[in-house]
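Look at the two complexes coming up: subunit A is in both, with subunit B in one and subunit C in the other.
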Partner chain A sequence: MMTDLEWIKAAAMMGAGISVGLAAIGAAIGEGYTAGKANEALSYRPHLIGDILKTMLVGQAVAETAGIFGLVISMLLLFSPMEGKPLLTAWAYIGAGFSMGLSSIGCGVGAGIPAATACQGIGRQPSVSGHLSALMLIGSGVAQSTAIYGFLIALLLLFKSLPPEVTLIPACSLVGAGICMGFGGIGPGIGEGIAAGEAVSSVARNPVTMSLMTRTMLVGQAVTESTGIYSLVIALLLVLTI
Partner chain B sequence: MEISGPDLIRAFEMLGAAISMGLGAIGPALGEGYAAGKALEAIGRRPEEAGLLTRTMLVGQAVTESTGIYSLVIALLLLFVV
Partner chain C sequence: MEDLGKIHQLIVPVFGHEMTFNLEIILMTWIVIIGLLFFGYLATRKKRIIPGPIQVLGEIFVDQFYALAEDALGKETAKRYAPLICALFMFLVLSNWLGVIPHLEEPTKDLNTPLSLGVMGFFIAHYAGIKKKGLKAYMKGYFEPIFFMMPLNLIGELAKVVSISFRLFGNIMGGSIIIMVVSYLVYNLLLPPFLNAFFGLFVGTIQAFVFTMLTLVYISVQVN
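For the complex of A and B:
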């Protein structure tokens, strides 16, 4: 017969694995795509190695943040004190893992796309590399937003005080909040990344349109973000009505 | 843990709302991002048509958004009404 503490520990191990495992998928795909496109650009313009390498590393660092969020949640799950916590905590830990892990997939891939097109764009127009890096950072920063929502829901699930008795309804709400925010974060991350990538490559073709592009990109990304915000609202409703 | 029928139904309403909104958010966001990307590419080619292209982008995105709103409606119905 297992004690409550053993169940909670088992769930924490499971949640830690889910969080960092799923988060690693997106970050790795995004960074690999960036590195591939940087190499392609270098094959045409080998003398631009300094600029292209710098942009590639900055872009990969932004794509990596989603993976780092997953690692942080996984560490918190492994080393948080579990003695005397109610059994419902076990369900909250699994929900936290899903929320952080799944939402990071989209953001890692999404942040990699503008970084890749920025490397290509510098190969095309080396004189505007500053503009391209700035637009890349704005675009990938916006693409990270749903990973931050996932991080928020995961922290809320980790540190919320829960009722002592176990019933099925709050248990399903806790896991459900994680699943809702996790899957809801995949699409906006990738979609915003595609929009930012096209904006960066258009500025590389026609640098005078920089301010028009930034404005239109942010409008398009704001609309793309809406389903991520719906997911955040449903996840918050699920957690806070317990 | 004693599970009664109404409890089980309510619990699965919670899970159903989560799955509805979570999975329902993937498609619209990918589609809207693709629309925004292509609009930006077109504005890069013809900056003088920026107004027309932004308007068309927003109309296309509004239609793409509809399935996301269906998911939100179903999730809210499951949480508060049914």
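For the complex of A and C:
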């Protein structure tokens, strides 16, 4: 027979694997897409190597945030002390892994799209590179919101104090909260990324529309994010009613 | 590895409740504030037409952030909010860089700092919106597109505070946890300086800028 502690440790290992494994998918795709578009822009503007390389690296660092969050949750799962915790913690750990891992997939891809179009845009309009990189940072920052909600739910699941006895209903609602926030985070991340990417490339075409474009992008992203917020509300309800 | 997530706290009982102070974070915040005051003193001590190096640095900060604020808010409103934006960026950038120095920690590593800055930005943005548009037009914004969307619009506004502050907190705390774990795994050889440079200096600067720009953009959405 396995003891409670062994079950919790096993669940922590599994949650850590799910978290960092799934989170790596999106961040890597986004960064690769950015690098590809930067190469494309360099092929016809080789003398802009400094600007394009700088924008590419900054954009990739922002897109990497989702992957770093996955890594942080898996390190917290692996290294936090587990003695004397109730058995229900095992279910919470698996939920935390799903919440962080799945929600990072969309946000990594989404944060990569504006970074890629910013590299292209600098190739098109080198004189507004400052505006383009500021808009790119805002756009990809907002595109990451759902990964941050996933991170919030994962932290709640990790550090919530749980009742000692194990019954099926709280156990399933812990895992369910993780899955709810995780899947809910995929779509809004990619959608907001598309909105931000198109805004950046539109400013590159017509730089005087910068402030109008920023406002429209933010309003559109706020509406896109509403499905992610539904997931956040349901996940919070599931976690906090235990 | 045992000090993962350990915080030195001072707990003071007040009328049956407990007030908790995170002592190290308060100390680090004061170090940042004193550093910034000292920088301000040095930059403006000898103002000249041909500026010294520190005056140039101060002028670059002020110029850049006034330009950004004017782009987002328009000339008149920008005069009011640009000092806030400039100060916010300088505070955050120095906070995020502080962890590079041994024995010092980033104040932004504790959730209390980013969350209070996020709440501050939220209140300033909504105050600016009410002042500019009037209470009635401001309230009407919540009932769009249809009246029963009001609760979700409200939650959406509050979620902005969560996302802006957890973005900064997650990046800085995540960076410091990764530095700690990797340093432990490689016995503090070779890798830690590079990790510090990446997470402390590079990611720290980017995240400080993102936080500042988002605060500015939230104000501009409310104002326009």
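For this structure, a couple of remarks:
Here is the rule we use: the second predicted complex is superposed on the first by the 242 of 242 C-alpha atoms of A that agree within 3 Å, B and C clash if a C-alpha of one lies under 4 Å from a C-alpha of the other, contacts with A are read in each partner's own complex, and residues count from 1 in each chain.
Rule of thumb we're sticking to: a residue touches a chain if its C-beta (ideal position, glycine included) is under 8 Å from a C-beta of that chain, and two chains touch if they have at least 3 such contacts.
Note that the structure is predicted; figures quoted are calculated from it, not measured.
Of the two partner chains placed by superposition, only subunit B is touched by A:Ala199; subunit C is not. Once the two complexes are overlaid on the shared chain, A:Met213 sits against subunit B while remaining clear of subunit C.
By the touch criterion defined above, A:Leu22 lies against neither subunit B nor subunit C after alignment on the C-alpha atoms of chain A.
When both complexes are overlaid on chain A, the residue A:Ser226 reaches subunit B and subunit C alike. Between subunit B and subunit C, the partner in contact with more residues of subunit A is B. Comparing the two interfaces of subunit A, the one with subunit B and the one with subunit C have residues 219, 225-226, 230, 233 in common. Those residues of subunit B lying in contact with subunit A across their complex are 1, 3, 7-8, 10-12, 14-15, 17-19, 21-41, 43-45, 47, 50, 53-54, 57-58, 61, 65, 68-69, 71-72, 75-76, 79.
Of all the residues in subunit A, the ones that touch subunit C in their complex are 58, 61-62, 65, 68-69, 71-72, 75-76, 79-81, 131, 134, 137-138, 141-142, 144-145, 148-149, 151-152, 210-211, 214-215, 218-219, 222, 225-226, 229-230, 232-233.
Against subunit A, the residues of subunit C that register as touching in their complex are 1-2, 4-5, 68, 71-72, 152, 155-156, 159, 162-163, 166-167, 170-171, 173-175, 177-178, 181, 202-203, 206, 209-210, 213-214, 217, 220-221, 224. In the complex of the two chains, the subunit A residues touching subunit B come out as 166-169, 171-173, 175-177, 179-188, 190-195, 197-199, 201-203, 205-206, 208-209, 212-213, 216-217, 219-221, 223-228, 230-231, 233-235, 237-238, 241.
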